[in-house]
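Listed after this line are the structures, all set down as structure tokens.
Here chain A shows up in two complexes: once beside chain B, once beside chain C.
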Partner chain A sequence: MSNGLSRLFKKIPLHAIVIAIVLVWITPSLGLFVSSFRPADRIASTGWWTVITSPSELTLDLYRQALAGEGMAQSFMNSLFISIPATVIPIMIAAFAAYAFAWMSFPGRNILFTIIVGLLVVPLQMTFIPILRIYNQTGLTGSFLGIWLAHAAYGLPFSIYLLRNFFGSLPRDLFESAFLDGASSFDIFFRLVMPLSVPSLASLVIFQFMWVWNDLLVALIYLGGTPSVAPMTVTISNLVNSLGGNWQVLTAAAFISMILPLLVFFTLQRYFVKGILAGSVKG
Partner chain B sequence: MDRLLTGIVVVVGVPLATVLYVAIIEWIVARFSFRVREKIRPILWFGPAVLLLTFYLIYPTINTIYLSLFNADSSEYVGFDNYIFAFTNNRMLEAFRNNLLWLVFFTAATVVFGLIIATLADRVRYETAVKSLIFLPMVISSVAAGVIWKLMYEFEPKGQPQTGTVNAFLTTILPDFTPQAWLVNTNTNNPALIVIGIWMWTGFSMVILSAALKGIPEELLEAARVDGANEFQIFRSITLPMIQSTIAVVVTTMIINVLKIFDIVYVMTNGNLGTEVIANRMYKEMFNFRHFGRASAIAVILLTAVIPVMLYNIRRFREQEELR
Partner chain C sequence: MASVTYEHVYKRFGEVTAVNDLSIKVEDREFLVLVGPSGCGKSTALRLLAGLEEITDGTIYIGDRVVNDVAPKDRDIAMVFQSYALYPHMSVYDNMAFGLKLRKTPKDEIKRRVEEAAEILGIPHLLDRKPRQLSGGQRQRVAVGRAIVREPKVFLFDEPLSNLDAKLRVETRANISRLHQRLQTTFIYVTHDQVEAMTMASRIAVMNQGILQQIDTPQNLYDLPDNIFVAGFIGSPAMNFFNASIRKDDGKLYVDGGAFSVKVPEERIPTYEAYVGKPVVFGIRPEDIHDPNFAPPGIDPQPVEANVDVTELMGNEIFVYLNSGDHNYVARFDPRTSIRMGNNVQVAFNMANMHIFDRDTERAVR
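Right, the complex of A and B next:
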């Protein structure tokens, strides 16, 4: 037997274990995916794996139902309306601050930054009651603006931390020569720092976007259950507990809520992993 | 019409406003002399961030500590009553017990599985595909994961065809197995919830540990192999010591996650049937019972629990800074 072949045989247990783990890990998602294309009464009476013997039953019924009723289409839009500004605002504001922390000198710089490092792990629970009281008084409860600002603030410590470390690693000469050429801070920031930081910014954008898109708790607290502004997570979790008889439609709804994160993940995976590695300390 | 307006504000207005902010502050600082300019410029650049952090994190934290010493509607000082409640109430004790269960099993399992998968995947050519698929649950919401696992844990009485994946699998390979109502049975519901957490978070620890494994110089491992060490010896005496600090990072991240675990429990059982956790308890005190004093006290307990991690992070950060 050739050497290569015997090595292949030796590796069979390894391949078997790896493939078994992967199968265990994807089975739950696969179950949801397959179920979402089955008729409701079949989901209730047989397991999703029976489609192998009756593939003709596959249908888009649940998707039609999910999008038609229960405000699912609207909550999809709400999720977008919440997530986009709640991603842009903190990252831009964090970038401004990170630029100051990395390349400007001012008294108290280190103390201020140490506080930000400390804030990384503060449980959000510490903030809900005082802010909700202020929101109730000012009418920000149940408004997009209220949740944008809350998410923005909650995302700031991590974003500042990550960007400041990245900005700080840019070469000093770059700034000096740009400054000598008479470039303004505005130009240096938008024409030099930001373009050079695209990889870090990309991973941060993905992170913050996913965090907000998948968030349930902050939305529950500040949106006060108002259906017209509820994101997908809130709408689906309400249905989980109330739908009773027609719970099968949730399979389609859950999958709709997963499409965007999955798309982002598979197209921008590289940045995603980079972001995790750069700062695995988010609170 | 209203929606369209929101859409425009969201896509164009917000990004534009942030750029405009810099343009305006730079226009303002340009009016001043060089000396003044260099003083006020940093303040204007970090100002919005510090304002938001103060308003949304620092002030509320202090205020919550204060409120935890008051009664339900914060009208009367009650001393440490809310804390006494938190440490003596049965539902709270149940929540502490469950968070401890989560802490031990979730943390251990995510780190151990993450390490095993990272190590094994490193030895096959389709490593990237393996890692993507293990990581996938990490990008979906706990709510979607809840729906996924409702299908997994679905229960039909013994003798009926099982529609839940777990029961169907177990009754097929073990004909004597009695199908379980995993989320209802008080012996299995906590483990069942923890499994969901492990399924979601193992990918996270795998990614970090995998990067650490790849950072170990190949020559070192090769030298050990030449000296006749087997793979297990290499793993124990070279790999593990070299990724120690990375494991510490993963463990602290998981501990922080576990203390605040909320979504999975809220969606699956809402803390009923003995599955209560601290964060869900706080939510209930806040919204169902409107007892802001107790809710605040519970939040403070959570904060106290993360303080060691906070100090550890700050120390690590200081050390890094000295190396710069």
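Right, the complex of A and C next:
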């Protein structure tokens, strides 16, 4: 009893520090969140914490404005239409590649893998001009196919790297046993490796989906601002420009665009932590 | 059912020769155990047969068919791995059925075979479980079951018992022997444990440093080891070795170990005569050294003076660590012995079971 109590006391400083860090961390987001429910003129004149004294001023005005904004619904669909293939395509390719790098022997395997890992450090800004030139020649600029390919390419090195390490940590006996059982490489990939890799695949899906969903730069470069193809990030940033100084609407728009990633995260988070550990730590 | 033949098989990994000129003929329905210390090439020899490693040189036959270039799945073999290698996301039933499904065996045939194998191994109640819900012993049985359902010509076992606790190991040993009786198929079994080898094998192949040392029945291997390595590897505690020489005196031969001198039995004199005056290694097993008061009848006891260093009571016997001069050796005494640590005693070597090895070639002199 006293033992448990003293242990509790010992933990108090640690808990206090953790809570303090969490508070510092979430304060800006919290402020933004609260502000998104305040009238635009009040945001400009007073701090978000004034809601504590006058909660009656809370309103959905900004959300109404953001949702009523030009092409919001369309760009939500565009975002989905960009993000889902741009997540599925690279992860599928990466899984095949990672399996080959981990378990099939072919000449140049290590060199190729080293090059792919090396690609991790290439800043994507460097690639804009050459790729855009190719896109302009082939007519891929402003098309969904173009941005799927771009996101797939940017996502592949990390995906291959993570999956290869995870696949490589699967026990060799398993593969040999399956070989003796008569399994081909395809059987092994689909019946053994895929089911056993659900955690690391899920964590990759989260990474890649969030990256694509939140991306403004790549979409702006390859898609431009055309409303028929613009994702939410582009439309939201246009909101400010077209409405002049009315930047307050961004607070609401940001939270609207955040809903889907949050949903994805909370449905897959069970795998998220497991998945990150899965690649590096055995078992 | 098939015989297995290794013909001058080599396996090299870079500079290392893991299997060096291995030639073995395993008869149909035989239980052959490959035994040796770790790194001796026994597992590699098995993996070559399974097709998991490529042969550098030589030929392997299963039955009459050369299998050098045959894919593992077409060799008609099944293997039980040390780690069991069960598919973690599949139920026990699916684990056992996996190979059959891939071979497009009809569903009811799969069901029949899996249930029959489960019956043999006493695991029908576990078929719906996942491997992680099983104990080590149960997993081991599932791994064996997975091999049985395939109805292969040859069963390969790669140290299947080394992950079990001692008691379970003894039990499973007997089960595998029973299984061999029942299936009447060729078994090839790799282990580093000479007790497993002795208890289960119809023949044992002892390997060291990639080279086959001797292949024979367990009893012959024990009684007539071909060289010092085999003599020291088979049997626990190991055979005692003494650097000695053969001395002839008055028509009789003696093994002269410096601190002791023991008479060679009459009938062995012609065998060892050529080694008179030459350095040899004299070998005698611990159970052939007796407390004179409890020596069994019908042996050829020769007295040796010794100091008792340590005694270890095992219950049914006592291990006595002795020294004579600078020779240290161990004996297994009857537990009724009155010998205690520090005593100066006279022990009896049973020379009927003596061994002499050439000191240069390390080969047995016979």
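Criterion: the second predicted complex is superposed on the first by the 236 of 283 C-alpha atoms of A that agree within 3 Å, B and C clash if a C-alpha of one lies under 4 Å from a C-alpha of the other, contacts with A are read in each partner's own complex, and residues count from 1 in each chain.
In this section, a residue touches a chain if its C-beta (ideal position, glycine included) is under 8 Å from a C-beta of that chain, and two chains touch if they have at least 3 such contacts.
Here the structure is a predicted model, which is why all the values come from computation and not from measurement.
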Looking at the combined model built on chain A, do chain B and chain C fit side by side or clash? fit
In the superposed arrangement, which partner chain does A:Ala152 touch: chain B (first), chain C (second), both, or neither? first
Partner with the higher number of touched chain A residues, chain C or chain B: B
Considering only the touch criterion stated at the top, classify A:Gly69 as touching first (chain B), second (chain C), both, or neither. neither
For the superposed three-chain arrangement, provide the angle chain B-chain A-chain C between C-alpha centres, rounded in steps of 10 degrees. 90
Touching A:Gly182, do we find chain B (first), chain C (second), both, or neither? second
Which holds for A:Leu192: it touches chain B only (first), chain C only (second), both, or neither? second
First (chain B), second (chain C), both or neither touched by A:Gly139: neither
Given the touch rule stated above, what does A:Met258 touch, chain B (first), chain C (second), both, or neither? first
With chain A overlaid, the minimum CA to CA distance between chain B and chain C in angstrom is 8
Both partners, chain B and chain C, contact chain A at residues none
Any idea which chain A residues touch chain C in the complex? 171, 173-174, 176-183, 187, 191-192, 195-196
Inside the complex, what are the residues of chain A that reach chain B? 11, 14-15, 17-18, 21-22, 25-29, 31-32, 35, 43-49, 77, 80-81, 84-85, 88-89, 92-94, 96-97, 99-101, 104-106, 109-110, 112, 114-131, 144, 148-150, 152-154, 156-157, 160, 168, 184-186, 189-190, 210, 213-217, 220, 232-233, 236-237, 240-241, 247, 250-251, 253-255, 257-258, 261-262, 264-266, 269, 272-273, 276-277, 280-283
Counting only contacts in the complex, chain B reaches chain A at residues 3, 6-7, 9-11, 14-15, 18-19, 21-23, 26, 30, 38-39, 41-43, 45-46, 48-50, 52-53, 55-61, 63-64, 67, 117, 120-121, 123-124, 130, 132-137, 139-144, 146-152, 161-165, 168, 199, 202, 204, 207-208, 211, 249-250, 252-253, 256, 259-260, 262-263, 266-267, 270, 279, 282-283, 286, 292, 295-296, 298-300, 302-303, 306, 309-310, 313-314, 317-318, 321, 324
Touching chain A in the complex, chain C uses residues 50-52, 72-73, 77-79, 81-85, 87-89, 98-99, 102-103, 146, 150
